[in-house]
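Some structures to go through are shown next.
What follows is a pair of complexes built around chain A, which joins chain B in one and chain C in the other.
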Partner chain A sequence: METWIKHALDTMYTDFAPGLGPDQFDAYDLQGWLSPEPPPGIVTPRSLRRQANAPDMLETDHFLLNLGPSHPAMHGALRMLVELDGEMVMSSEAHVGFLHRGIEKLAEHRRYNTIGTLMDRGDYATGIMGEWALARAVENLGEIEVPERAEWIRTVVAEVNRMASHYLWLGPLGLDSGAMGPFLFMMRDREACLETLEAVTGSRMMFNYVRPGGVVFDWNKEGNDKLLAYLEKADQYLDEHWEALIGSELFHQRVIGVGIVPHEMALSFAATGFIARASGIDWDLRRDRPYGYYDKLDFDVLTLDGEDIWARTLVRFDEMKQSIRMLKQLVEMGPPPGEHIAKLPKVLRLPEGEAYGSVEGARGELGVHLYSTGGDTPYRMRYRPPIQFHLAIADTVAPGQWLADALLSYGSFDFCFGEVDR
Partner chain B sequence: MALDKLTGDTSMLFIKSEQFFDWARARSLWYLAFGIACCSLEGLIAASGPRFDFDRHGVFFRGVPRQADVLITAGTVNYKMAEIVTRLYEQMPDPKWVISMGACSNTGGPFREYPNVFLGVDELVPVDIYIPGCPPRPESVQYAFLELREKIYAQTGERLEARRING
Partner chain C sequence: MNEWLRALISVLLLLVIMLVNGSMTIYMLRKVLGHMHLRLGPTELGPAGIAQLIPDIVKLLVKEDRHPNKTDYWIYAIAPILVFVPGLMAYAAIPFSEDLIASDMTYGFLMTVGFLSIIPLGIFAAGYASYNKYSLLGAMRSIGASISYEVPLILSAIVPIMLAGSLNLREIVLAQANSLWFIIPAFPSAIIFFICALMETANVPFDLAEAETELIAGFSTEYSAMRFGFMYLTEFSNNFILASLMVVLFFGGWTLPFVPAEIIEPIAPIIFVLKSYLLIFCFMVVKGSVSRFRVDQMAALGFKVLVTSALIWALIFGVGYKIFLMTVGGGA
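What follows is the complex of A and B.
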């Protein structure tokens, strides 16, 4: 039997009234919702109390629309509460916490080489980046020397994973703008990346591969073959995506001038990664604070002043091209000889102190701050997710756009909620 | 029971309407596109992609619970999300099925020790199929849909049998 009598998009479907179970809802007179005064005991959000007025001086009613956490246009467990005037977004509030599962707290009870499992599940679209950030923090604190070979392998898997994650962004961005076909092609290419990763690390998503001191398994032939097979096609694949989606005029009309993140806003909200680079902040950790094998590679960083979704698309597309370029160089160099993991005690104990390690993740600077009191587990671990900062931007730039554009602009920030809620 | 088994050599089709409807339902199981966490990348996104192509089994995603038959709980359900999962289940029209995907949704998985996390989504909604793994591969999800199909056929048989015995 259905006990739920209201619609999911209804304003009543809220957490402003946390104590209300579905069966209590029929106790309310539904007409009461149309009156200006809300029923007692329920706090209306700030935006509902705003005076209604429209540019043409006609009185319109503002409408509260509840997007998510289950909404076809929302990516992940995000709930956006938007206030609409006609189809114009007047205000937007992000509600987070639907995926809070205590990654930082659980890390305090795990040994250093097992925290990687949690980092995987935090930034689940690019597990390698989270693991690498943690490994770098541990290595900085314990002053652990990482073998060359391990750095090479880490750089390769990180770039392959970055490609996989970018496909996962560009495809759904196409879906949001109304293009179904390119999404399917990008999923095909993502599978090629995941197959490479699977051959090297043993898993498609939750790798637990990069550990403090190196990587778990050595580079193997199967992974090498899969990578070569992918690299052979990769440029052609990217050209296809350009023709099918990015170069298409329909896509241009949807994205140019939409979702503008001004340069000052990007600076003051601590944007990193592609959001920053599309708003004119020339900053890439791989180039500016080289780690891994990046200082031996030849690559460019594209920075644009466009500030809109189109600029973000171009920046990310260029990142994909550069990743392929880097992978080709890496394959040409071949893995340096030596060990793939440093000799470390089985139970790693770090000295007292704190350290920060970060990598240029697929979405921005992904960092881990460790505070150790000398045991085999951290006293406190802080996870710096880039998306949390970008979420605040997405929230701020939405008002003043049409609803369809606002949805596209939310999508363009590439949210990954394991990271935001942690 | 599959239609080809029922028709046999003759071209005539004799089938109870209930069997017919269940046969049709079992072959177009539309799932709700409701991704909670990491599992959704495998169970919902990779699944609808070209490699695994669930569409050939009649399994396709819908954005609205009113049009969905199957709820895949793909991810960690915490106390804030629990209410949403229950409501989505209630909004789905009967008959409906639930597939619990991944260690988190089965038992709490890697986050089991954290007090905010539900120790299994079966505390909230009745689960038909559990898929182990963290995350399960898309093939496992495919297998779960095939199992669910068998389960639906079996339930029709049981229902008809019970009605025959009880009059």
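What follows is the complex of A and C.
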């Protein structure tokens, strides 16, 4: 190819932005970047910089390193362009869009009960949450009454899916820190969750289960048995994970005080979910704006001021414990009698207007905003992916950390690129 | 026998031992980690999957040996040899039994450690010549690691050397044959040595040079085929060297307590290898269960904790031992 100049991993490779030559970046003042600590009080994203030619006192050059999209430590198709001074990250810049499929545009040509398949492919680690957010938006706009039984089933599958997703975060976090064993143990537990979901919804990943008005299939015995079998072991499994990974001294050494997201930054970047709760923002949709069956459940929300990866780990670990607690309560209540889906016309037409529906997803507030002009498809759908907000935090907090810490801190945000790229 | 012929045979034998050790350790790692991680490791080929090694090695041998365009070719080509040859030479002084030593050097311990410290040079050459940023980072980490573990490694061996009064590995073992294993008087040294051995063999808490989730494969990212195979095998066979050094220094080499020398003599190499593999097993259990250190944490551990404690312990022990010899032992 004529335009191909150098391999991107080449030490001399600088052409990260074709068309923007190095001379256009000469005017940047680099003083702020040379100190190992990030400048104090920074709460906005740093401006883009693509030229790494700042000699420090030893006259060694900084160099640019592509982490991802196929780097083993990058979760999902994220490309982080980091500027390194030795092993110290000087700046970090996220490049997204490798998984873009135009979900929001595609949704404009789909009937309301088929958009769920797109939501599955957004946040693919917790498909149920995306479907539920969409269903809630549709139900809010169409003022559709959802049967009690459907709400119960939705809550159960959402919590099981949350567990599955959290396992998929905690395990790889251990892997990023170098511990391989806990990851494989968590895959065993995730398997139990996925089998439950498979028995209930018929799928392990792309569920297409929660639809406007209810759920597709009724609660069944096989799913119930699998859930009971999992719940019996779940607490013991969590203790194992604590012993093997979270409680270990070496893990503490890697995560305490690393990847700090200050309280103000979390607020100004609109962090939600566990990122917010680990930075002292006491906010959980399940408790503060109850939906589904959550108002009938007894659970706690842990909020910490640690602001680091350790706080995030503790918050999420507590979420897992609370999920198990909720699932136990739900199973004890049993599914309420009645239909599992409301009687709706085959082609659902919503009135003109707009509505927002959101759920507490595994990673934060997962929302869908619908704008309808009265047809059987939305005029515009907006998908609010929590991770996109957290991504902006992740590349703001990376500078000033060691490369190993920066990678661990990227991992701690639990990226799921299906929903960022949409 | 002709001296040169003897040397040639020893080298060939050591080569075989090294290759067997390297591949057996790879197999063992897969099995041990497998069972620690709720899986089985290789199972299909041969009894308990042991024949899996054959296609693995054949694959390394027949793969295309390619290199990226911009490599510094000669350094790139020589680097695996720079890793492999010192790894082989380090076997020279290892006493498998009283007579089974390739080269009974007076300063056997120092020579072994010296050969081992050439290996980071080869690794740095590999990382530098690969013309890849990950490789370069891995190579620099490897140098950083080597300066932080080599000093405490040698310092921690001072105590057993004091006890044996010799740097010759065979004599160190013989000194333990008639008395205690040195692990008992020199227990703190053994702990320091074990940690340094984990660092030297790049086992998990210290596998910074090729931290998979940070640097892809570190210094060996751009290597393929047998050039990669040489580095891979050396890394695994180093497990054996470090384990056998520790067996020699602290666990009585080929001897067993309360067992007379006549019984031990015919099976001495087997005892020695078994002891070494038991220690390798310990390395692997650690590898399978903990997280990794950061670069600065590892350096801090090496310089601040290990060097200091090894020095202080050597001082305390040395003074105590001298006083003991002057009052009770009546000599030295």
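Everything below uses one rule, namely that the second predicted complex is superposed on the first by the 368 of 422 C-alpha atoms of A that agree within 3 Å, B and C clash if a C-alpha of one lies under 4 Å from a C-alpha of the other, contacts with A are read in each partner's own complex, and residues count from 1 in each chain.
Everything that follows uses one rule, which is that a residue touches a chain if its C-beta (ideal position, glycine included) is under 8 Å from a C-beta of that chain, and two chains touch if they have at least 3 such contacts.
The model shown is predicted, which means the values in this text are computed figures rather than measured ones.
Once the two complexes are overlaid on the shared chain, A:R154 sits clear of chain B and of chain C alike.
Of the two partner chains, chain B is the only one touched by A:L99; chain C is not.
Residue contacts after overlaying the shared chain place A:G418 against chain B, while chain C stays out of touching range.
In the superposition on chain A, contact is made by A:R188 with both chain B and chain C. Of the two partner chains placed by the overlay, chain B and chain C both lie in contact with A:P72. When the two structures are aligned on the shared chain, A:S248 is found in touch with chain C, with no touch to chain B. Shared-chain residue A:R286: touches no atom of chain B or chain C. By the touch criterion stated above, A:H340 is placed in contact with neither chain B nor chain C. Of the residues of chain A, those at positions 71-72, 184-185, 188 touch chain B in one of the two structures and chain C in the other.
On the chain A side of its complex with chain B, the touching residues are 2-4, 8, 13, 15, 22, 69-72, 76-77, 97-102, 105-106, 109, 117-118, 121, 124-125, 168, 184-185, 187-188, 190-191, 204-206, 417-418.
Interface residues of chain C, counted against chain A in their complex, comprise 33, 36-39, 68-70, 131-134, 136-137, 140-141, 204-205, 207-208, 211-214, 216, 288-297.
The touching residues of chain A, counted against chain C in their complex, run 7, 9-11, 63, 65, 71-73, 84, 86-87, 174-181, 184-185, 188, 244-245, 248, 250-251, 253-254, 402-405, 407. Considering their complex, residues 32-38, 40-42, 45-46, 48-51, 63-65, 75-76, 78, 80-81, 83-84, 86-88, 90-91, 110-111, 113-114, 116-117, 134-135, 137 of chain B touch chain A.
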